[in-house]
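Multiple structures follow.
Next come two complexes built around chain A: one with chain B, the other with chain C.
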Partner chain A sequence: MLADVWLVTHKDLRIEWRSRVTLSQVVPFALTVLVLFGFALDANRGVLNAATSGLFWLTVLFVTVVAVTRSTAIETSDGACRALLLAGIEPSAVFFGKTLAVAVQILGVEILMVGGVLVFYGATVESLPLLLATCAVATVGIAASGTLLGALVAGVRARETVLPVLLLPVLAPVLIAASRAFDDALGVLAVDGWSWLGLLAGFGVVNAALGTLAYGQLLEEA
Partner chain B sequence: MSTDAATTGSRTTRLLGLVVLVGVLALILLGFFGAPEDDEQRDAVRMIFVHVPSAFLTYTAFLTTAVGSVMWLWKRSRWWDIVAHSAAEMGVIFCGLTLFTGSVWGRPTWNTYWDWGDVRIVTNLILFLMMVGYLALRAAGGDENAVATRAAVVGLLAAVNLPIINRSVEWWANRTLHQKSSLTDGNLEDLTLFTLFVGVVVWALFFVWAMIHRFRIGWLEHQLSSIDLEAALVQRRAEATGESAEEANL
Partner chain C sequence: MSIVALRDAVVLLGRFPALSGVDLEVGASEVVLLQGPNGAGKSTLLRLCAGLLRPHSGRSVVLGHDLSKSRAAVRRSVGLLGHDTALYDDLTVTENLQFLARASRIELTAVGSALERLGVSARLHDVVVGRLSAGQRRRVALAGVALRRPELWLLDEPHAGLDQGGRDLVDGLVSEAAADGATVLVASHELDRTLELKTRRVTIAGGTIIADVADSDAADTDAADSDVADSDAADSDVADSDAADSDAADSDAVDTDVAGVAGGRGS
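Let's look at the complex of A and B:
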């Protein structure tokens, strides 16, 4: 099982490495959104500083939509997902493998975005461990529900428009919890950021469990 | 096919519809003229005759969708799939009605249409948005079985994430304006409570009536798609054997 998970992750990351879609399209997209938020809030340092956590995680949600669309396209083109199933790989291994690959890509973008908010919004990091832990735990949950919903819309004609309508409301608790944890990590608000991590972990576990159960049926219908 | 087969009405639903009509009339009379105005909420208290039953039916509907989703994934039961779809549509309508009446009631009582600090309305809004996504997915079309499976997973996803959403909003909003419970705090007049009870019964009967009709529409749609498929199969077979479709049908 673990070998299969690694195989799928490795495959997706290798495709990404060769096509450079995340690096050449998703990273510029994320930085553009961060800059546009700066224009929308009139480059007001005080407002930007107070809203940094929310804007950061909202941008991550937009990035997720793009990353999941890309991850789904890899499997739907040329019936690649059928080939994966025929290869005898457990659907749950495919699910975890793709989740891990999406998580790695989103994490990479997040690290660059942290640099972005430090420079553009004047944010300062007060607790690096909390910041890193929030990114890691939240991203796994985001990637799990994103991969599940990505497979779900794979066979839908208007999948580009249906995916955000389905995914963004589901990710609302991640936006709330990760933003509050970041408020603590960036020293914006005096809240206990670590207590929010439990909720983020719960979200990840619930969505990973549902993905494990449903992914096989969804792949067959795609 | 006789014309009777294509209708969604029956003797029972007509009778039920009549009872609902009489009930709504009684509710209007009781709500506007019978129940007294509240000391604090004034006339706005009358909004609970719609708001509370709507909220109750929202959760009933979405719970039904979750059960229907499990039954589809487990038993591949078309009956439950159509029940899940029908209940989701009813749920979105009642959820919208709950949010609307809550907003209208909030303006004179809380002096605001919307309060971000209130856990229940924010959770309800996210639930509403998720179920609108569920209906969008259904509307996107495709193979009947594939649509049912996808929708069932979304129905379950909404159900399992609801407690997490509720908890996150609860922690996020450290204060709440929402009435703890108008039913148990003992401030409501007897006639107001009785009217609220009538409201819950009348709206619940309306829910059942509309559900039956919506289910029958779904069932007829399903039959229609089966008939179309059967006709197409007959035609393909006829093409293969060189007979006309009418001959093959005989």
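Let's look at the complex of A and C:
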């Protein structure tokens, strides 16, 4: 199972590395959104500082839509997902493999975005462990949920427009919990960020379980 | 033992009955030609036998597995060449087949011989599949099927888009597979080629099998079968000329692409 997970992850990351979609499109998109938010709120520096966490995670959700759309397109192009089914890879291994690949890409973008908010918004990090843990746990949940919904809409016409409509509301709990945890990590609000991390972990576990159960059926329908 | 045993099989695509009341029994080493007009249900029948579709009703057993219960086991033992090639555009020819080999627990050394068997020249091995012509992609996809040495080959228009050399390779591949004891189901409009390979001819129309003729009886029923095939002959002719044109263009495209690769893009 682990070998198949890595096989799928490696394949998706190799495809991403070769197509350079994340590097050439997603990273500039994310940084542009951050800068535009800064332009919009810079007149009131206090509002910008208070909103930094929310803006960061809202941008991550936009990035997720792009990354999941791309991840889904890899399998739907020219019936490629049929190769996965016929090769006999366990659908759950495909799910975790693709989730991991999406998570790695989003995490890479988040690292650059953290640098962005430190430079553009003048934010400061008060708890690096909490900040890193929030990024890691939230990203796994986001990637799992996105991969699952990506498979759900894979067989739908105009899936590129359907995916955000479904995905963004589903990720609302992540936006709330990750923003609160980030508020604590950046010293913006006096909240217990670690307790919000528990909610993020629960979100990830639920989506991983759903993916394990449902991904095979969704892959067949894609 | 029957390799394929369908009894009153019904497959619904949405609410549309793509197959209705199909009875088909195919034994080991048989080469069965599926023929019929466009939309008759040939591709659906192949996808059903590959374990990619769930039968709505009836009894469907492939390689000893009931398709309503254990399609995953069937999928591991069949090789399907569909209308699409099921290849990743951004991986090279070798990477695509190595991925398939690893996933199927096959020695990587088999990749080279499969590509060689399908006449995919060494200069294309490190070219990304998205840069290949349609004919070359088809050869690579066929190499992927051959790589797995399946017990049941399911080939949907295997000659489409291939040049004369490629078509001969496909015929050789089918003959070898049958000689090795594999069973082959071929859906094809190219009756002149496929007739030489088959041991049976099954005619489908409207999602139902309307004729099932063994090789020895074929002469008696050629006239009847040709009536069904005729409706597609015109389409097939047009497609053939298109394919010939595109083959010529494709080979040019490959040459150009390869030159481009050599000159710049790495893979």
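Structural remarks
Assume the second predicted complex is superposed on the first by the 220 of 222 C-alpha atoms of A that agree within 3 Å, B and C clash if a C-alpha of one lies under 4 Å from a C-alpha of the other, contacts with A are read in each partner's own complex, and residues count from 1 in each chain.
One rule holds for everything that comes next: contacts are C-beta pairs under 8 Å (C-beta built on N, C-alpha and C of every residue); 3 or more make two chains touch, one makes a residue touch a chain.
Computed from a prediction, not measured in an experiment: that's the story for all the values here.
Judged by the touch definition given at the top, the superposed model places A:I74 against chain C, while chain B stays out of reach. By the touch criterion defined above, A:R45 lies against neither chain B nor chain C after alignment on the C-alpha atoms of chain A. Among chain B and chain C, the chain that touches a larger number of residues in chain A is B.
By the touch criterion defined above, A:L7 reaches chain C but does not reach chain B. Of the two partner chains placed by superposition, only chain B is touched by A:L152; chain C is not. Residue overlap on chain A between the chain B contacts of one complex and the chain C contacts of the other is empty. Of all the residues in chain B, the ones that touch chain A in their complex are 73, 126, 129-130, 132-134, 136-137, 140-143, 145-146, 149-150, 153-154, 156-158, 160-161, 164-165, 167-169, 171-172.
Those residues of chain C that touch chain A in the complex are listed here as 50, 52, 54, 72, 75-76, 78-80, 82-91, 95, 99-100, 102-104, 128, 144, 267. Interface of chain A with chain C (complex): residues 4, 7, 11, 14-15, 18-19, 74, 77-89, 220. For chain A in complex with chain B, the touching residues are 145, 148-149, 152-153, 155-158, 162, 165-166, 168-170, 172-173, 176-177, 180, 196, 199, 202-203, 206-207, 210, 214, 217-218, 221-222.
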